[in-house]
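Here the structure comes first, spelled out in structure tokens, and everything after it is commentary.
Per-chain numbering from 1; labels A, B, C and D assigned in written order.
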Amino acid sequence: MSRRRWFFHVVIRSLAHRKGGTLLLVTVLAMASSLVTSLGIVSFSMEKKVAEEIRRYGANLVIVADSAGVEVGSGGMNFGRVAESAYLDQGQVQRALLQEPAAGRDLSFHLRGALKLWGDTVAVDGVVFPQIRRLSPWWRIQGTWPDANGALIGSDLALRRSIKPGDALSLSGPAGGMVVRVTGIVSTGGEADRLVFLDLLALQKALGLQGQLTAVKILAAATGEDLRRLAGNLQKLLGGAQVKEVRQVAATSESLLKKVQLLMLLVAAVVVTACGASVAATMSSSVLERGREIGLIKAMGASRRAVLLLFTAESVLLGIIGGVAGYGAGYAIALLVTKTVFATAAEFLPAFFPAAVVVSCFLALVGSTGPLIAVYRLDPVRSLRGE
Amino acid sequence: MPVESGTCIIETAGLTKRYGDICALAPLDLQVSEGEWLTVMGHSGSGKSTLLNLLGGLDRPTAGRLLVGGEDLLAFSEDHLARFRREAVGIIFQQHHLIPYLTALENVMMAQYFHSVPDQAEARQALERVGLGKRLANRPGELSGGEQQRVCIARAIINSPKLLLGDELTGNLDHKSTRLVMELLKELHEEEHFTLVLVTHNQEVAGWGGRTLFMDDGKLVKDLRHERKGDDPS
Amino acid sequence: MKRLAWFLRHIVASRGATPAIIGCFALIYIIIAFYNDEALVTLLALTRSTPPLAMLLACIPLNLAARLFFEIADFIRKKRLTVFLPQETWAAGERVKLAGRMEADLLEKKLAGAGYHCRHGEGFIAAWKGISAFPARFFLLLGFLLLFSGILLSTTTRESVRTPLIEGEPLPEAMGAQGRVEQILLRDRPGLVLARTLAITVGFFDGSTETTKEFGLYPPGSLHGVYLYPRYLGLAPFVEFTPPERAFAFSSYVTLMIYPPGREDSVEVPGSPYRIAFTLAEPRSARDPYSSGKYELQFRVVKDKAAVAEGTVPLGSTVTRNGYTLAFPNAKRIVMTDLVRDRGLSFIWWSGLCMLVAVAVYMPVRLLAPRREMMFVAHGRGTQAISWAEGGKTAHRSVFHGILDAISRDQDR
Amino acid sequence: MILARGVTMLLVWAILVMGLARAYAGEKAALTAGCAAGLVAGTIFGFFLFAAVPGEIPFFIIKSALAAAFISLFIVAAIVWYRGTAAEGDRPSVRHAVVAITVFLFAAGYGLLLVCRLPYGTDNSQFMALLLILLAMLGLWMIVYRLEPLLPNIGMAKGGTSLFAVSLLLFIASLSPRLDLFSPLSMKVMKLIHDFVHQFFESMLIPDHPFFRTDIWNYIGLLFSNGVGFWGGLAIWFIPTTGVTLATFREPLPSVAHVRQAAVRRKLIAAQLRERRRRLFFPLFAGLVMAAAAFNSSHPSVEYWDPKPLAVKADSAGEIVLPVKDGDVDLKDGKLHKYLYQKGAQKVRFFALYRSGELTVVLDACSICQPDGYGQNEGTVICYYCKTLIPLETVGKPGGCNPIPVPFAVDGSGVHLSAEMLVNTWVAQVQSEKKLPGGGK
């Protein structure tokens, strides 16, 4: 048996011998590391979920013509009024977006206008259907998404005018008229319920506003400071337009998350400290119990360094076992918490495994610093006499 | 340096040990030659255990000179002293003092480990030599007092020390076990040629050695050379 | 003379020869890599065309064969003698001369107590434990021998011809047999590694009788030692093309490398200014057009570098665009194939197998029961002791030393 | 800046000399003489080289010498490995001359690199060099005669000396991208792996990827991924150190069977083990130095001019026009100007550069590396993937890690490019993870 193997053999034997003490220490260490793991995993998963929710909410940037004076309110997506007659140049916007790849591909062009329907004026929105479909996944459509010759109609309007999917609408504008077939009714609970959605090109033709837009909504992957920077960059590229961040309702959940995370951090700190203290106490009493054994080992000729190494190895091994167990338990707890509280599955984050082991080892070592010093100083004669 | 230092393994001059005001060992001059079997007798508190601890490098004297194997233990650092303990001396204690979570074999190997490298075959041989060939895998708790003491002896001699120290090694044993242990020691002493210093208050044990020191109150009272018991007269 | 033989043996069967030669090739590679981006290809070509280099490469299998031979010889000789103690490994163990003489019975008892098997003969006792690594070593050496033989043969003698195999057409000459490609079938059949199978059925005259043989993807099928290595797929549509001036009509099978869909290939219409470029349209259904047989050709007629007509024509129909008529009544499948004559290939396959066996044998033996041996030979008044172990060295050493101690203690008494 | 470089160099020198002093503790005179002579000779040779030969050639020569030293480490490791299991004879006593020549070579290498690290051509570089050499000499004397006896007792593994010294030289080289070996190594390794897989498929008659299952092919595709050059290069980079370390472990311990006392035997074995552990110090230290060198090489401290690509569009004729002067953009300012052309999902990055009195247009990628693009630093452009420096004069020439040139025309209105040709060249020549072997050639 080589020296190294013998060393580990002795360490493991010694740990296995003191079953109760070892179990207690492992439990405490596992508790601490499981707490850290589970809090970390929960907080990460929640962050991701919130980010997803923000994403579900829709666009976070909007470009409108400068003179339009639109309100971009906190209440959602009330982008300006129909009567305003300032427009964006579609080509210019496209060029600007090409230079700012951070804006991503999730965006939709809008041209808001008014058309005559059976003698009345209705508000219409010219959109590119595939774009809006990607941008607004939460839209509930009764019927199907239309192609370029179709239209979507808001649920309020449909109810008032008793329009069903399959009906043909005859719309006329200043530059021409058109007949479109309604393929679906959209209900969002918002402004869209009172609009008719048409194909952008068709509406541009009908309004005589070729290449003009009223708004561009963008769902950028960025958040916070990055989003602000992106907006600034786009603003620089677009002279006659305003680039604004849509203040999200979800932002509140972001700040709530921050608070919850802080709370978790505090709890973790308290529990880790408590665990550290309990590890220290257990270790100290174990060293007291083992005084005779340490004295014997020293009397047999072990140098102080060798004894210290033996005891440090015990602590580290306990730490590793505790860390591994703690990661498993912590992951299970995180699964439970996210499932019951947030109704979502926790992420599997292997990066927390080393973190859990390091926390546990650190606690074990810090907790046993005092006892280790005692071991180092112990006088063999006295301890053998049983003092 | 005395002329006979070549064969002298222990040499003390004015060796003193004090614990605060209490004088555990009064200035002591002692010479023990190599291969000798020395017994130290005296009732408890007479300083005989203190002497043993000093000889074994477990404790440091307050004053005086202490040469073991020609080396001055006073000049040793803490780590050097530890090396002296693992290489030059073997100590057998009264209360057996085995590591409870290791088997008999592993207890012997532990001494090898601190000395150099563990060697299972050699440790097994040593245990077979003290008559424990069948109890290698037993923990100390499963061994009788005599057996435990024999494990201790195997452990003490495993690193071939020049000096073997025994502190009341038969204190907890009955008459029969005592006799067995003493016979074993005698056999080993003849084979391995180590110097043996036994501390005891048992008159019978003292009879096995060739020289007995009587101590009282930390002072050497009598130094007696005599016939050895067990040297078969027939 | 004896010295010379010894010297030769040590050169030819040297352990260092193979690594040294590989090192040489690595060095050549590095030098080439300094000046050339295609270093590996260049090195291979260089090896093929330069006899000294090829000879150097040939030294590797030679060296390996010699080593294999001498190791087997050593093994057999040692086994007959006492135990398996290859000469080379003695040096790595321990040998010592003792003053004492052993008592055979006592020694055997001690060795048996430590779990060793014993054999004693005239003036010696040999003891061993565990299984020798020799079988694993044999397979490893054999594997390397086969590998380098394969590489040598492959680099120096490989011949390869690229030729299309077309359904219904006669076999290319390079196949060395008269016959016809009967059928080409591509099937989506997900396996462990491959997702699709390709079956090329070939009918040919084997002497006088006509036989058919099916060639798959892997392992490649072979005919008279020629491997059929399918590289990529193509299509030979039968195209009828009539320009508006109706000066001529082109109708023929054209061989096009247009698979998978999206790839473009073109054909010059002979005796005319026309060139027609084809692509295979993306299939409307999920099934691959090559396996379903539902082709749709996108064509572009180019006249003097200007496109004059474009369109799509499905199998079995005719399309007229700008007066140009294109009919697509039929298509044959093509497999572009490398016909490879390579004698080294099977060597490499076998070498892979040998190495697998070597690893499979070595791992458990080395971990569970490594070979440990010792031998005590009477030597004058004393004893010569030799010990050697492949694994579990520490424990073996301690047993060996213990026995030596016992021998010399016996002497003392 | 110069001060920092000087201090770094002195530190490396101190470590080098300390290691050598430990390795040849018994040969102090030869050691000092060889070191001093080597240092002076290397420095003088360096100055001579830079004065006599213009341009990049001195760097090329020094880099080749470094490469040779690195390759020789492999030979050293192989010899140590093969000797390791053989019978242990007494180690031959090192002769004075051998020590002197060995340390002369190492010190000369150091001197050469010292000259490279100093900004050659500035007025006081000779003075700086002289000062540094004097300091280095002082350090040499201090270490060999004063500090060495105080050093802890560490042995030297077989082959450890050259491993240690060459790794330090490689570390110095890694500080300047012109001399760095690791990055070109990883590029070559990537090329080798690509070629090897390709060749393997060809030789073993393995069918092409359309026949493979996608998931299996993705695993094979890992061999063509971005990191393969780096990780493969790293593996090769550490072979000598690992080889020597393992060989040291494998060395059989001297037999103690002749000793008849078990305890003495054990003590001998323990001492041998301790001694072997001490001998591992230098190989492990060399490994650490090599790791530092690899790190330096992947994180060069130089900053590169790397403008954001400007999106361009083709006109109806499929032509891209880059005006020579457009607002504050001046193509002839000697800096590289990056452009991005997008057709469908296919993006093509290219850049225009005015060098040696003419404009050139090249793709922002080479045909060997992953298209991580190029950055510009005085006189050179650097390939971000393999950190190869390409002199500006050779930009526009094909081959190696040079950016792929594209045909273009310059007239009064600007630079004219064909959009289709750009896309075709990119698709055909630039490496990407999707471009795999076989591929119907």
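Throughout what follows, contacts are C-beta pairs under 8 Å (C-beta built on N, C-alpha and C of every residue); 3 or more make two chains touch, one makes a residue touch a chain.
Just so it is clear, the structure is predicted and the values come from calculations on it, not from any experiment.
Touching chain A and chain D at once are the following chains: B, C.
Among the chain pairings, C-D comes first (most C-beta pairs in contact). For chain D, the chain with the farthest CA centroid is B.
Nearest to the common centre of all protein CA atoms is the CA centroid of chain D.
If you average the CA atoms of chain C and of chain D, the two centres end up 33 Å from each other. For this pair, chain A with chain B, the centres built from the Cα atoms lie 70 Å apart. Averaged C-alpha coordinates give centres for chain B and chain D that are 64 Å from one another. Chain B and chain C have Cα centroids separated by 70 Å. Touching of two or more other chains is recorded for residues 87, 115, 117, 119-120, 122 of chain B. Under the contact definition stated at the top, the residues of chain D that touch 2 or more other chains are 262, 270, 273. The set of chain C residues touching two or more other chains comprises 394-395, 401-402. Because contacts link each chain to all the remaining chains, their graph is best described as complete.
Considering their complex, residues 67, 71, 74-75, 78, 82, 85-87, 188, 191-192, 195-196, 199, 203-208, 210-214, 216, 252, 255-258, 260, 262, 265, 367-368, 399-400, 438, 440 of chain D touch chain C. Residue ranges on chain A touching chain D, taken from their complex, read 3, 95, 98-99. Here chain C touches chain D in the complex through residues 15-16, 19, 23, 27, 29-30, 33, 37-41, 44, 91-96, 154, 158, 190-191, 193-196, 198, 217-220, 227, 229-233, 257, 260, 336, 338, 340, 342, 345, 348, 385, 387, 400-402, 404-405, 408, going by the rule given at the top.
Taken in their complex, chain B has these residues touching chain C: 117, 119-122, 125.
Contacts from chain B toward chain D in the complex involve residues 87, 112, 115-117, 119, 122, 158-160.
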